[in-house]
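Common to both upcoming complexes is chain A, partnered first by chain B, then by chain C.
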Partner chain A sequence: MLDLWLSGFLSLFQVQQLAFLALGMAVGLLFGAIPGLGGTTALALLVPMTYGLDSFSALALAGGVMGAVPMGGMITAILLNTPGTAPNAATCLDGYPLAQQGKAGLAIGAGASANALGGIIGTISVLAVLPIAREIVLLFGPPEFFLLVISGLIIVATTSQGKVLRGLLTGAFGLTLAFVGYSNVSGIERFTMGNFYLWDGIRLVPSLIGLFAIAEMINLSVKGGSIAGDAKNVKITNMSQGLLETFRHLGTVWRGSVIGTIVGAIPGIGGTVASFLSYSMTVQASKDPDSFGKGNIEGVIAPEAAINAKDGSMLIPTLAFGIPGSAEMAVFLGLLVLHGMQPGPLMLVEHQVEIYSLIWALTASCVMASFIGLALVRPLARVTLLDTRILVPVVVSIAMVGSYSVDQTIENVIVTSLFGMIGYFMIRYDYPRLPFVVALVLGEGTERYFHQSMLMSDGNWMIFFERRICLILIASTAFLVFLPSIRAVFRKLRGTSRTAPGGRS
Partner chain B sequence: MKRIFGVPVADYALGAGLFLFTVIYLIAAYGYEAEARAFPAGVAWVMLAISALDLILMTDTKLAVVIRRIINPVPGAAVTPAVSVSPYPIRAQAVAIVWIFIFASLLVLAGILYAVPIYVFASMRFYGRLSYRLSLSVAAGTILMVWLLFAVVLRLDLYSGVFFADF
Partner chain C sequence: MTILTRRDFVVASGAAGLALAAAAGGAAPRANAAVAGAYPQRNISFIIPYGPGGGFDNFARVVSPAIERHLPNPVNVIPRNVAGGGGGRGITQLFRARPDGYTIGILNIPGAFFLQERQGGRGFRVAEFTWLGTVSRGENYALAVGADSPLHSIADVQALSRQRPVKFTCTGPEGTAYSAAIISSELLGIDVQLITGYRSSSDYIVAAIRGDGDAVLATLSTLKPFMESGTVRILASFESESSVPGIPDATALGQPELSQIVVERMVAAPPGVPDDIKNILVHALEQAVRDPEVIAWAEDAGIDWHPDPPGSVDGIIRDQAAFFEKWKSRISQS
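Right after this comes the complex of A and B.
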């Protein structure tokens, strides 16, 4: 095994491979930073161009893109509350409030180092897991997938401190919208109001651009001024502080990386769930959950570590089963086929050196893109000082054109505008957007897994309580849901015991 | 402003909107065959119940306080209605939203190459009250960037709009 790791590592360190890795990183950072584009577009653009390349160069290029995209997406998520890619939406929740407080540099520094560490931990996990990947993925059937999705939704909803009910409500709202379109289960189109565009459902990227980018631009437009407010605020931030913050919260990095690795390995779940789940678990585990959403640095570290850690593990279902875990992986699968590599169990045997070379390229890209991001902290942080009267129309224009460019459909622009309005109302009336996004992503899969489970059991609901992994999922969800109540009881008991002797503390 | 159960009417807007949406969704769901509606209708019934509860919790009543304490066990949280009164006038918020829809309509009708510079210029000059020179230069810079990135680098066909579809 060690000789394969080494062969993969050495194959990357050729001048040509390194040049393509650098090119991929540059493209990844740029495309990641532009809302609506992301890794899928970047890879789709580059795949045809790799035709004349050898497979190692093509994989270095792809690895460079996939590793750098999250870093680019994080920068705009923190500075403009506009996630460059969907998974970075979780980073907005605390990254942007930090930017508003004039701590954009701190947030980017912490996010960049969390990115790098997450990437490294993710790689180590994948290298360890790859030999037994097949067995792990096969443990999950439709009932496990269904419960995993439901657990994720409930956990995310309950992390909305003081707004649990509203978290559940927006989660349910997201689910109802996710059912719009052609149903693979029943074979008919639903809730489309006769609109052909809606047959494919509500498209995720345009709706996320609206929900985060446009909603925030409306908010900024109403408030006026600039994001950071005062130039003095931006000067006090520096990257070394951010770096230190990450190393102060190594537990958060580990948690995020493990979640990213596990979720990434499950086909169809995707990076958005990994980042939001990591964020939610960090809130649940925190001693000060109320500080999240207001600029807690752990709220940046947790999702960023998960995003880069999942990049490596997402390769497992793609390579081992030929099942792409995301749109980006679907395009990447096309690249593999173009270069004569047929994804599936045989790939793990026939192209081992290429696989390890790709994993190293991905890791190198995660780490190097983070360094580039750190080098750009100061000039980038100044973006937050721009007058919103200039910033808003420019960002809205790019976001709308980005939304159109996803599949070159003008209806995307209308979806983006509508979701922008919904997102703004959610900000205005204090409804959490996080459960809404997760439900929107997972809704279609939830229904499919449910029906598959029912078919497997002839309509017997006990299927969800008879399997070991299902029981583990139910127990862990119940624990996380009741954790705030348990904590509240303990706090109360502790308070009572302190005041008990004389009735005074 | 008029109040219902001690809370301004405007603060019920989104909650009431979600409730109404759920009712319409449920009616639509029952138009489909049993298998197709089973899961969406189930979710919608749950949403209807949560939405109704949310509306109750918005009120400044004793019942609402008790329920809020039960479902939010965080110390000190949620004893007051979970509404947030925006410090900004409703008109300012409406205008900001309308500008987005004006831009979206312009994109659909006039296409990207015309809509982007017109929107950027108009927004900066007439909404932001910035100088003509600055508004024009930012508008030109934005469309140049959009064109270079999307049309030249990505080789995408920029949407030409309903008015100019034949050109």
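Right after this comes the complex of A and C.
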């Protein structure tokens, strides 16, 4: 085992491989930052270029891209409330308020180190799990996936503290929209109105760009000034402060990474849920849940750790069985096939050195991208000082073009505009966007896994109570949901004199 | 609240214009290689009606440079992904493109027929395309079960079907696995229930291994890696002559019609392309699929690459259309 890790590592340390890694990293950072582009588009553009390269160089390139994209996305999420990639939308929730308070540097610094740590933890988990990858993929079937998805929805719904009813409302709205499109379980089209675009439903990335970026740009135009408000109270905090913050909240990093690793390994659920779930659970575990959404640094650390941890584990179903967990993975699969590596049960046996080389490339890119982010904190944070009148049109244009570029359909831009308006009203009237996003992502899966479970069991609901993993999932979800109430009861029993200061993060 | 002045609008428009120009700069059209003479005079678009990374995408991308080498003039053949509508959007775009030989596309047959049925023919009519050729010989299906399954032969499956419907995992009603399951189960006398909704063939094969369903139907090329790793057991191949030793084929099962259930990757141009242009494209494609670089790639990737004999494309599409007509009502019933 160790010699394989070493071979993978050494094969990366050739000049050509390192050059491709650097190229991939640069492209990943750029594409990650621009909303609507992202790992999928970057890989899709680079795959034809790799035709003719040896597999190690191609994998170094791919690893470079995939490792750096989250860092790029985080930067625009924090500075402009524009998620560079869908999972970064969770970073917007607390990252942008921090930028508004003039603490953009702090946020980026903390996020960058969370990135690096999350990536490393994710890699270690993947390396540990890879030998039993097949067994794990085989343990999770539609009933387990259904329960996972429901847990995700429940957890997110119950952490909209103080605004539970509004959270449920926006969540329900998200679920409704999630069902638009062609259902391949039943073969029925819903609300597609005979339109090819709506056949595939409401796309996540254009709606996120509208909901976060455009909505905030509308908000800024109405407010005026610049993102960081009054220039006087802006402190461009330096690198070390951001780094320190992450190490003060190692528990959050750990929690985020674990969630990212687990959720990332489930095909179809993907990175967005990983980051939002990590965010929600951090809110729930916190001593001060109300501070979230207003600039709590943990709200940046948690999702960013999860996003980078998931990058490694997303490879598990992709490599073990050729089941891509996301569009990015699907393109990556294409790259593998182009280089004669058929993903599937034989891949783990025949191409072990290549796989380890890829994992090293991913990790290296993730860590290096974080360093670059940290080095660029000062100039980047100055964006928050730009005047709205220059910033808004530039961001709106880039966001619209980015939305179009997802799959070159103009309808994406229409979706983005519509959601921009909806998002603005959600900001104005204080309706949480988080449950909406999670419901939009999970809605389709909820229905599909439920139907498949029913087809498997011939309509018998007991299937959810007869399988081992299902029972474990039900128990854990119940535990997580009732945890705050249990803790409140314990606190009352112990009395106020026993509340420990500081406490776990 | 600041009130925007006219000057602000001017500044804003300027900034927006600059940003748009910069952002969209990447989408600038490529330089063409225009040469005096007949067709082709500029780049040819090769439409792939699916997103990047799939099987069709790979085939199209590998074959494109080969096609370039066999055209009379040096132009580029540029693969373009036009995803959406389960393939409908790309196929419609191909159907409506100008029949001047500068747009071609790759289609899944019989997938395109199913799409036409399901989408009410709103975008295209498969029969009217100008057919140029196939990328590789059509792939046959095979019936397989997980390695842990108690079923060891078609007879076992038929016996099980007498007790309860046999569960097959597949994609959705728009997919080829679905129709393959319905047609083959009727021919083999198996009572079938389909667990639909899986995202890809790998997904539903793993589902069968896991035990979500009893059995699975997939193309032989998709099943081979699983078979070689010992995770599935192929019970029957629907080829007329089995390429897998020890496994019965369509002839042995007494159902030669099973061998007509295939997935073809066919290249087409919009309806009404003039014959001289069509012949150039047909010739270029035929040479491309026999190109040594393409064959080398297929060997590396472990793909069974057998180009169809030249001139067979019209016959293939005719057979497939007839087969589809015959089974159309039975499939849409389910």
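For the reader, a short list of remarks on this structure follows.
Just so we're on the same page, the second predicted complex is superposed on the first by the 480 of 505 C-alpha atoms of A that agree within 3 Å, B and C clash if a C-alpha of one lies under 4 Å from a C-alpha of the other, contacts with A are read in each partner's own complex, and residues count from 1 in each chain.
Everything below uses one rule, namely that a contact is a pair of C-beta atoms (placed from the backbone, for glycine too) under 8 Å apart; a residue touches a chain by one contact, two chains touch by 3 or more.
As the structure is a computational prediction, the values presented were derived from the model and not from experiment.
After superposition on chain A, the partners chain B and chain C are seen to clash. Contacts of A:I410 after superposition on the shared chain: chain B is touched, whereas chain C is not. Using the contact criterion defined above for the overlaid structures, shared-chain residue A:V401 touches chain B and also reaches chain C. When the two complexes are overlaid on their common chain A, residue A:A488 makes contact with chain B while staying clear of chain C.
In the superposition on chain A, A:V185 contacts both chain B and chain C. By the document's definition of touching, neither partner reaches A:A309: not chain B, not chain C.
By the document's definition of touching, neither partner reaches A:A116: not chain B, not chain C. Of the two partner chains placed around the shared chain by superposition, chain B and chain C are both touched by A:P393.
After overlaying the two complexes on the shared chain, residue contacts for A:K223 are found with chain B and with chain C alike. When both complexes are overlaid on chain A, the residue A:V253 reaches neither chain B nor chain C. Overlaying the two complexes on chain A leaves one chain C stretch of 20-28, 38-46 or 290-298 clashing with chain B, which is 20-28.
Put simply, chain A uses residues 34, 183, 185-186, 221-223, 389-390, 392-394, 396-398, 401, 405, 408, 451 to touch chain B in one complex and chain C in the other.
For chain A in complex with chain C, the residues that touch the partner chain are 34, 40, 43-44, 47-48, 51, 137-138, 141-142, 182-187, 194, 196-197, 199-200, 221-225, 267-268, 321-324, 327, 330-335, 337-340, 342-346, 349, 388-390, 392-394, 396-398, 401-402, 405, 407-409, 448, 451-452, 455-456.
Contacts from chain A toward chain B in the complex involve residues 34, 41, 45, 161-166, 168-169, 172-173, 175-176, 179, 183, 185-186, 188, 190-191, 214, 217-218, 221-223, 289-290, 387, 389-390, 392-394, 396-398, 400-401, 404-405, 408, 410, 413-414, 416-417, 420-421, 424-426, 428-431, 446-447, 450-451, 484-485, 488, 491-492.
Chain C makes touch with chain A in their complex at residues 1-2, 4, 8, 11-13, 15-16, 18-20, 23-24, 27, 51-55, 57-58, 61-62, 65, 79, 81-86, 88-89, 92, 118-120, 122-123, 167, 171-175, 193-200, 202-203, 206-207, 209-213, 225-226, 228-231, 297, 300-302. Residues 11, 13-15, 17-18, 21-22, 25, 28-29, 32-33, 35-37, 39-40, 43-44, 46-47, 50-51, 53-54, 57, 71-75, 77-78, 82-84, 86, 88, 92-93, 96-97, 99-101, 103-104, 107-108, 112, 116, 119-120, 123-124, 127-130, 134, 138, 142, 145-146, 149-150, 154, 156-159 of chain B are the ones that touch chain A when the two sit in their complex.
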